[in-house]
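Same chain, two partners: subunit A is paired with subunit B first, then with subunit C.
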Partner chain A sequence: MTARINLMIRLALRNLLRQVRRSILTALALIIGGALLMFSVSLGDGTHEDWIESAVRMGSGHIALQAPGFYQSRKIDDRLSEQARRAAEEALRSLEVARHVVNAVPRLTTDGLASSPNGARPAQIMGVDPVAEVGYSILDDKLAEGRYLESDDRLAAYVGTGLAEALQLRVGARLVVTAQDSDGEIAGQLVRVVGIFKSGVPEIDQAVIHIPLTTAGSWLGVGDDITTLAVLLDSSYRMSEVTSVLRRLLAGPIGDGELALLGWREAMPELDAAVKVDNLGNYMFQGVTFGIIALAIVNTILMAVLHRRREFGLLQAMGLSPRETGALVLIEGVILTALSGLVGIGLGIFVTWLFWRNGLDISFTWDADWSFSGVVLDPIIVPMFRLSRIAQGLVFILFIGAIASLYPAYRAARIDVAEAMKFDR
Partner chain B sequence: MTEPLPGNSSPRHPAVRTEDVWKIFEQEPEDVPAVRGVTLTIEPGEFVAMAGPSGSGKTTLLNLIGGLTRPTRGKVWVAGRDVTAMSNRELARLRLEHVGFVFQAYNLLPVLTALENAEFPLLLRGMDDAERAKRVGPLFERTGLEGLEDRRPGKLSGGQQQRVAVIRAVAGSPALVLADEPTANLDSVASEQLLEMMEELNHGLGTTFVFATHDPRVMEMSHRLIRLVDGAVASDEPREPHPPR
Partner chain C sequence: MIGPWWRIGWRNLGRNRRRTLIAAAGLALGYFAVVVMVGLMAGLTAEMIENGTGLLTGQLQIHALDYRPDRSIYRTIGGDDGTDVARLLREVITDTAVAGAAPRVYAGGLVSSGEATTAGILMGVDPNREPGVSRILRSVVRGAVPANGQSQILIGTEMARQLDADVGDTVIVVAPAADGSMGNDLFTVSGVFRSGMPELDGSYVFVPIGSLQQLIALSPGRVHEIAASTTDPWLAPIAAGRLAAEFSTSGLTLEVEPWTRLRPEMLDYARLVEAWDYFVIGIVFAIAVFGVANTMLMATFERRREVAVMLALGATPAKIVLSILSEALALGVISLIAGVAITLPILVWWHTAPPDLSWLYGDFTMFGALIRPVLRVEYKPAVAVLTGVALLLTALIAALYPAARAARMLPADTLSGI
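After this line comes the complex of A and B, so read on.
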């Protein structure tokens, strides 16, 4: 059996080399398709990772560890218990998880009201650790005026441009934040604006206020308690792996109803949907592209099969079974596809690498900040390399090659040997 | 003559037996019977020519014997095996192990060398290098093709290509070699060389040869001449073979 397979592979290779021009033309379609596939997938992954990175850094991380009811209620009553927080911090320090965690920051978040002598606006007030937050959030980089919070700040606030404009706030201006405290009473806290940011996301710029975590704790009467432990991972693709480890390590507090794990997909369903829709669009485009390529392959291989009818007749006359004759055509198709796929994907990686260094700048296509679902779109797209995508690309191209070779293989297998060997043919 | 190679012909069974074999091609406006009720027996070691004008059914009968096409009705046995009852896979195996073919032209695979072409059925059988060399080497020597082993078919003359095809047909020691107009595209010298070679192999290896031909030289060399007319056997006579002139 091995000898037969070796022989068929040898025959297939020589047949491919016999019609070099035809093989190269067929291969070219696959090479270009493979390169396009690799480039577009890497670009798509890079774009999505950028969206997710932007959203999770401005939001509650790739994974948010919270009390079970907090996501719905947004009330400080639903804050993490001391025991649950300790368990969560310990789990984050475990080797399996820590190697993928870039940062984990505590937050005390509540919905409330921000008011100034010029009016009042609903606000999302976040008590943050200023030092930890700098390594986590990108809001401190979006400074429009003043500065970000510092470790020794007490009655300081960092507000968005939208809110600052609505309440006519400038750096140094006073602002009162009001929310329900731990006793259920409405409590106010006077703070002074130390900085104003412009994230580019209207929902954030009009609502988010950062104040020091200690200030928030004493204002709301919760001491050192927090509502969220926001976890930033090295890649969004690690989420399911890390989540499953965390679920295992935190099975106790989760089972006791003291802790819930919220992934960015659940926390930001609109973003999740946007990524899925964009992926679907990409897959459909790639499907259509490869559908056309597959038709070209079918046509070329089928022409080759019809041209070589006598040869297939001869092979069967010598003892190759119809199935093996079909397999020979399939092997030719798969070898051609595999080699072309490798070259195409290599080319795609090279092109992607060219753009990976500096990113693909598409800023010429827009003249204002674009944002959606809490994400600011970056006009410089940096493609993302993933080994799994290379493997998927190769398997996909091989699959297309095999499918495209099936019909020609069937025709070769079904050849009428006596008819094929007629001399006048 | 060098030492003969062992043959597969079984003395217990005829090399070929057909019984009321018909082949009718369905065509418009009416069906065409290419072979009509042929019954014959060919014993192991025979050197048989089937002659007849174009359209007499020679090639179709040869294809029926070799299992390349199936009869409309009737039975065919090769080396005692009922060809008509075999699956495609079994037919492929029968051809690989018991039947060698030599066609009129385009006999060789263009991507393989002369040696690889000749060894092809042996490679398919999974025979090792040493055994293949033992079988094919002497045949190249015996047929004057020594030194041409590494040439591709395109670099061989028509006669040399046909000789390679014959080596391929007999190298596996089949019970039967079916040759369809093997000399039709050759000049007289090449034809005679080829026929001498086949007769020598017939004598030396005991291989049964059945030709479809209208070449008088083949008929003259045959030990038995079956004449076909309109798909039926018109005459079937043993004859005294004459060596090629």
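After this line comes the complex of A and C, so read on.
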């Protein structure tokens, strides 16, 4: 049996090499398709990773550790218990988790009103640890005026340009933040603007205010408590893995209903949808190009089969079963697609890496800030290469090749030996 | 008109019908894919523009010159004295492109119910006029739209949840007023809306315009904004130009801005998508060229003895090229007919009943506009025609190399069997 398969593979290889031009023509379409696939997939993944990274750095991290009710209520009442926070910090330090964790910062977040003599706006007020935040958030890099919060700041605020414009705030101006404190009373706090940022995302520029964690704690009467522990991972793909490890580690020390782990997909469903839509568009485009390529392959192989009727007739006359004749055609198709798929994928990755590893600058296509679903588009796309994507691409190309060879193989198997041998050009 | 070489080309397509069919299927698929993908991208853009402008902002906005970007509550149209709002509205509506216009007043404030308090943007609207401009008052899920002259408010689902308030409950609204005092009053929640935009559902409060003017101490003639809708979003810039000219001749100093200037990034995006259309056509047909070239190459190779005989009998190489190109053109025409026959019904079907994709992903936002999870397609006739031309060109370009090879054949060598 193995000898037979061996023989057929050798036969298939020989047939491919005998008609080099035909083989190359068939392969070329697949090579270009494969290269295009890898180019667009690695750029797409890079873009998405960039979106996620910027969104989680401005928001609540790849994973947010919060009290269970906080995501819904956004009330100061739903804050992390002392015990839950200690257990969470313990778990984050464990070896299994720590190697994927880039940073974890405490936050005391509440929704409130920011007012100045010129008006009032709803705002998302975040108490942050100024030192830790610099290594975590990208908002401190988006400085437009003034400076970011510093460790000895007390009554300082870092606000977005949108809010600053609406309330006519400049650096040094005073504003009052108002929100419900831990006793349910409306509490106001006077702070002074030390810096103004422009992230490019209107939702953030119009709403987010950073104030020192200690100031927020005394203003809201919660002491050292926090609402969120925001965790930044080395890659968004680690999210589910780290989440399940954390769940396991935390199951022991604290009871149910004390701590909720919120991944970025749940915390930012819009961003998740945007990534899915973008991927869907990409898959559709790939599906179409490979559909066209598959039809071209069907035609080439079918023509080759019809050309070789005499040859197949002879093989069958010498004892190859119809099924084996069909298998031979299928093997030829699969070998050809596998080779051209490998070459195409290799070429795609190589070219992408060679020319665009430092980023493909597409800033010439737009001039204003582009934002959607809470992220601002970076005009420089850095490709991201992943082994799983290469495997997926190869499997996909092999699948297309096998499907495209099926019909020609069926035709080859059905050849009438006597008729085929009679046939003469 | 149809010479023998055209007929030879046409008949050669029938020589191996299956091959012709598969090659034509490839081209037809290319046509289908390009037209549908371009339609989908246009659908996404249209969805973004319609929702971005139609949900709340409107396609045109008229303000006092110094209102934007600070949006101070003092900067009302016509200064501190206000203006004849009804006359202004009439003037705006008479423009041919304008479908509806409505006055608006804005204020920031706090809304409290029981123990809970939340900050909101108070927007005074005219419940009778606003539906002609935006869809926001139509997205009421419970209760009703507040009525003119009543102390009623409409809040979003998210705010209702945060305040634990529902239809019929009384809430306290506190807002800084134009006379420097703090306006506060009791309002009844007449309804709850859900737009799908978290910012709107969580922080926008709609109040009858008169009630809000009273709360923040503005006289009835003082409004911050006249918002207008146009019959087609793309007519907004022209209408804005016309209105601005009209206002300046009648001595009003007003700023008229279409959505293209209020939201320039949306316009940028729409332009980029159009550039993308050509890119998609290019890539898809570049791939299709390989398929057709391959088929044509084999078809001519198969006929090399026949071509050699024709050359030996005195046909010029140019005629051989003509016959092969006409074969390719005929293939292109067949594919185009098939492509249009498949594409048109599906396009019409998807356009009238967009498939629901909510099983795959939820709502998301682009440039602050809500995008529903449906596969919306728009018709783009120009692209459909252009794609047809590209398809025919593809077939011809793909046939060039096979035709050149066939024409340069040496009849004697081929016929002697080498």
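One rule holds in what follows: the second predicted complex is superposed on the first by the 416 of 425 C-alpha atoms of A that agree within 3 Å, B and C clash if a C-alpha of one lies under 4 Å from a C-alpha of the other, contacts with A are read in each partner's own complex, and residues count from 1 in each chain.
Keep in mind that, in the parts below, contacts are C-beta pairs under 8 Å (C-beta built on N, C-alpha and C of every residue); 3 or more make two chains touch, one makes a residue touch a chain.
Because the structure is predicted, anything quoted here is derived from the model rather than measured.
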Fit or clash - subunit C, subunit B, common subunit A: fit
Which of subunit B and subunit C A:Leu7 touches, first, second, both or neither: first
First, second, both or neither for A:Arg99, with subunit B first and subunit C second: neither
Partner chain(s) touched by A:Arg414 [first = subunit B, second = subunit C, both, neither]: neither
First, second, both or neither for A:Arg174, with subunit B first and subunit C second: neither
First, second, both or neither for A:Ala317, with subunit B first and subunit C second: first
First (subunit B), second (subunit C), both or neither touched by A:Arg154: neither
Superposed model, subunit A: greater residue contact from subunit B or subunit C: C
Partner chain in contact with A:Arg86 - subunit B first, subunit C second, else both or neither: neither
Which of subunit B and subunit C A:Asn15 touches, first, second, both or neither: first
Following superposition on chain A: angle at subunit A, subunit B versus subunit C, Cα, nearest 10°: 100
CA minimum distance (subunit B, subunit C), superposed complexes, angstrom: 12
Contacts on subunit A seen with subunit B and repeated with subunit C across the two complexes: none
Subunit A-facing residues of subunit B, complex: 59-60, 63, 66, 68-69, 88-89, 92-93, 95-97, 101, 103-107, 109-112, 120-121, 123-124, 126-127, 168, 180-181, 184
Touch list for subunit C against partner subunit A, complex: 16, 18-19, 22-23, 25-26, 29-30, 33, 37, 40, 69-73, 108-110, 112, 115-121, 161-162, 175-176, 199, 202-203, 264-265, 268-269, 272, 275, 280, 283-284, 286-288, 290-295, 297-298, 302, 305, 360-368, 371, 373
Residues of subunit A that touch subunit C when the two form their complex: 22, 25-26, 28-29, 32-33, 36, 72-75, 111-113, 115, 118-123, 165-166, 168, 178, 180, 184, 186, 202-203, 269-274, 276-277, 280-281, 284-285, 288-289, 291-293, 295-296, 298-300, 302-303, 306-307, 365-374, 425
Touching residues on subunit A, where the partner in the complex is subunit B: 1-4, 7, 11, 14-15, 17-18, 310-311, 314-324, 416-418, 421-423
